[in-house]
């Protein structure tokens, strides 16, 4: 309170009431009287960030959403000292009571926000023609965190799943045998290779449009390795046209390894695993040509596929090839299901490497997947029941803050 | 050295990337950004491998006069033309209005659009071939596809019912199926990531 | 091989031929197809009808030639509608090709007799601010300062010198935002980085493949309306009372859809007929 | 120039369409040209739009940690020399390891937790029959779909019944996506036809 004695404040109230208030109402018509300022302004480090941001919160001006309802926006001002010059850092529309003053972490950036340094903030409520400022908040200091609390559920999930995978793998190492049910697409692989051998025609293997960094492509490499081994045993030619240079390099290594496993390194021909172009439809145009001109007996499409899936599958069907497909690209699965003979749907593509090699370690990981799946299904069932009876806590277990 | 070091690199970089997800601190953010840039840079260098492979395969077809070698000549001409036109005037070579962009608009774009448009024909032939009511499964596939396609055909009073049914299928059972597939893919992909990081899945690394 | 067996193993080239005819032939006719305007399109149209003449609308074209058949008619009908209603158009693109697509749509619209009469002027009635790299970050930056995000227009004029841009500082000075999107960055980013923080009023047109992912934003009210694929484009043309390309193309759509359904039915007929015979 | 451009574009369009009848020299010509031009286009644009800003500009600005990327890039190229080609595995290892770690959390969150979170919905919504049915279908559908993807147990008995329900729901979804996509694929063909009949031949307006 600026007015120390009661009398003067009474006098002021009197004036306010009988003089200024009516006047202000007249003035309010053209909006020049400042709105009540934002109050309870607080500034502090933004949690769970890299240390280059401060969060400012305030209580809305009395004319924002209430009173004269003429506040249009808030401006946030910053200074390095409480009495220094305050500069505008940003603006939010009326109705908002929080702002993150965020800057770059690179020192050379114009907008660099230094951590571990004191800053002071003010918030300005603006109407069309006037404004009012809050008191100064601060000092506030930005600093980075070493763990993102909001990601705790993911952390628990990561640990749990990793432990499951490692546990099953070590069980497999100890010689435990695992049962997996038959998968139609996998059983067809041997027949498809056998068919190509009988017909004396090559096999075509398409890794899709993914890069070597796509998990579906990596899963496909393992399958390619097993198939290459089988083709080497059958002395059947395998053609692998690629659309990414790194994928091509890896495919060459993978096929070569397959031929080594089969004991036929002499038969490996690098020119059959080649690069065409990285542009989607040019690649497809060329692969179409290869199918019809090489008369491939069996086509594999395993990996990441986009719109080209159907062009490939229909051309292959014209050529009379047996086709086995698999992708984790949801939008393309329907076309593979409709146009190819066998389709590995989503997760089946990832499981295929374990199925084909029958390697105990890979089968162990597959078991871990199943266990995790059972836990997910249990959570779904319990969660739906909990939600039906309005228990919100269950949902929180899965909620991740970004 | 030949076998062990790559496995170690995979393990270290993989574990780092998982850990950095949980650490917002700038030091990890910086390393993360560098690592992402390095991956991109490796990709750029690898482009030369691609060009080398394409050129070598085409040239050898021409040299051995393999069937259709004349078309390999076309590929080489196309490639050389674009490389020359795209480089010779520095970074102005690919501005709008250059010959490079003219080729892009008048040759590349129409061929691409037409390849894409082939899908209209193939989606029809695939539908004809695949949508036969052989089993319960294929009957479901065929009936839903029909219901969804019929929404574009004026059916008089039936149109309204069909619209409602179509949008229900898209928002309810379609959503359930997608979630099941998504969750399955999530489990398969995360397990594959772990198998890679722990060096269990290493077929992509080849053998000596 | 009898007729039914032949039908079962129909040469796909016959199907191809029919599809080509089903798509091409209707292009020669102007048929008044009954197209019902669905609520999502109606809402978009109503929101735009509510804008008084002189309102500033921002349109972001986020697609490339690959999605032209679906989105270009939407861009054209949008420009036509704005010129007729005297709404001021500010064009940007989050995709490098967007502003080029806008220019080719403008070329078509500015040559239509009705629009020629109005004679819209560049800089006063419409501006093309071009493309800026940065995807969703561009939207974020526009929230604080549009002229800084787009310092120059497509032809290199200073943005601040354009009469239309006088007084346009950020989203507060924009009355409506329209987004034509074929993927990333697109409508999802406009919702997350434009609607949520800056409360912009957003309507969108999307490719048919993209549209189902956008529907949740309609239900939550973050998006006032949506044109999904060519059909959505046609509905908007009907709603504005100016049937144009999309409506014309919808005839091809209907005929080709009907043809595919017909083929599926005769395929099944042949399948069951031959199976019965074999059974007997 | 514009007329020539339209003619070239139109003829190439016909060349690609001719593949629908059968493989032929006209298509082969378009295809081989397309492959060469696209590879060149891709190389040149990546060079100017990625290589220069990402590597060259950063090195010029003195950010030498970009050299590490360049060194791994050069190692990749050593594949061309069989004797030291094995060094390229270091680069491959970096690429694969980094992305495996990156995708691990990404898939875990967006394919796992977010999906589970979205599926935790009440099975009974008071006074809203259609939403109750909708929620039931979503929960049961997702549940049985996951049963289908279970690898450890043969699809027999009640378990097999649920798995069957799961694959039926998947088929429903596939049919819907298929039918829905027809419109956008037809749009593409309409675009090309409009170009041939309108822009090129001027038969339609």
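Per-chain residue numbering starts at 1, and chain names A, B, C and D are given in the order in which the chains are listed.
Definition applied: contacts are C-beta pairs under 8 Å (C-beta built on N, C-alpha and C of every residue); 3 or more make two chains touch, one makes a residue touch a chain.
Here the structure is a predicted model, which is why all the values come from computation and not from measurement.
A.B. asks: Chains in contact with chain B and with chain C: which ones?
C.D. replies: Chains touching both chain B and chain C: A, D.
A.B. asks: What chain pair has the highest count of contacting C-beta pairs?
C.D. replies: Per-pair contact counts point to B-D as the maximum.
A.B. asks: Average the CA atoms of each chain to get its centre, and name the chain whose centre is farthest from that of chain B.
C.D. replies: The most distant chain relative to chain B turns out to be C.
A.B. asks: Rounded to the nearest whole Å, what is the centre-to-centre distance of chain B and chain D, using the mean of the C-alpha atoms as each centre?
C.D. replies: Distance between chain centres, rounded to whole Å: 4 Å.
A.B. asks: If you average the Cα atoms of chain A and of chain B to get two centres, how far apart are those centres in Å?
C.D. replies: Each chain reduced to its C-alpha mean, chain A and chain B end up 17 Å apart.
A.B. asks: Distance-wise, how many Å sit between the C-alpha centres of chain A and chain C, to the nearest whole number?
C.D. replies: Whole-Å distance between the two chain centres: 27.
A.B. asks: Enumerate the residues of chain B that touch no fewer than two other chains.
C.D. replies: Where chain B meets two or more other chains at a single residue, that happens at 18, 21, 39, 42-43, 46-50, 54, 68, 109, 111-113, 115-116, 118-121, 123, 125, 127, 129, 131, 141-142, 145-146, 149, 152, 170-171, 178, 181-185, 187, 189-190, 192-194, 196, 204-206.
A.B. asks: Name the residues of chain A that each touch 2 or more other chains.
C.D. replies: Chain A, residues with two or more chain partners: 154, 158, 161, 212-213, 215, 218, 246, 249-250, 253, 276-279, 281-282, 285, 293, 314, 331, 333, 335, 337-338, 345-347, 351, 366, 369, 373, 376.
A.B. asks: Could you say which residues in chain D touch two or more other chains, in rising order?
C.D. replies: Each of 16, 19-20, 28, 30-32, 34-35, 37-39, 41-42, 76, 79, 89, 92, 95-96, 98-100, 103-105, 107-108, 112, 116, 119, 139, 142-143, 146, 149, 170-171, 173-175, 177-178, 180-183, 186, 188-189, 191 in chain D touches at least two other chains.
A.B. asks: Quick check of your reading of the touch definition: is the inter-chain graph here a line, ring, star, complete or other?
C.D. replies: Basically all the chains touch each other, so complete.
A.B. asks: Can you tell me which positions in chain C touch chain A when the two form their complex?
C.D. replies: Those residues of chain C that touch chain A are 12, 144, 170, 172, 197-199, 209.
A.B. asks: Given the complex with chain A, which residues does chain B contribute to the contact?
C.D. replies: 18, 21-27, 29-30, 39, 42-43, 46-50, 53-54, 56-57, 60, 67-68, 111-112, 115-116, 118-119, 122-123, 125-127, 129-131, 141, 178, 181-185, 187-196, 198, 200-201, 203-207
A.B. asks: Please output the residues of chain D touching chain B within their complex, sorted ascending.
C.D. replies: Spelled out, the residues of chain D in touch with chain B are 1, 5-6, 8-10, 12-13, 15-17, 19-20, 28-48, 50-52, 54-55, 58, 65-66, 68-70, 72-74, 76-77, 79-80, 86, 89-105, 107-108, 110-112, 115-116, 118-119, 134, 137-146, 148-149, 166-183, 185-186, 188-189, 191-192, 195.
A.B. asks: Under the definition above, what is the set of chain D residues touching chain C in their complex?
C.D. replies: 20-21, 180-184, 186-191, 193-194, 197-198, 203-204
A.B. asks: In the complex formed with chain C, which residues of chain A make contact?
C.D. replies: Touch residues, chain A against chain C: 72-73, 90-93, 95, 314, 318, 331.
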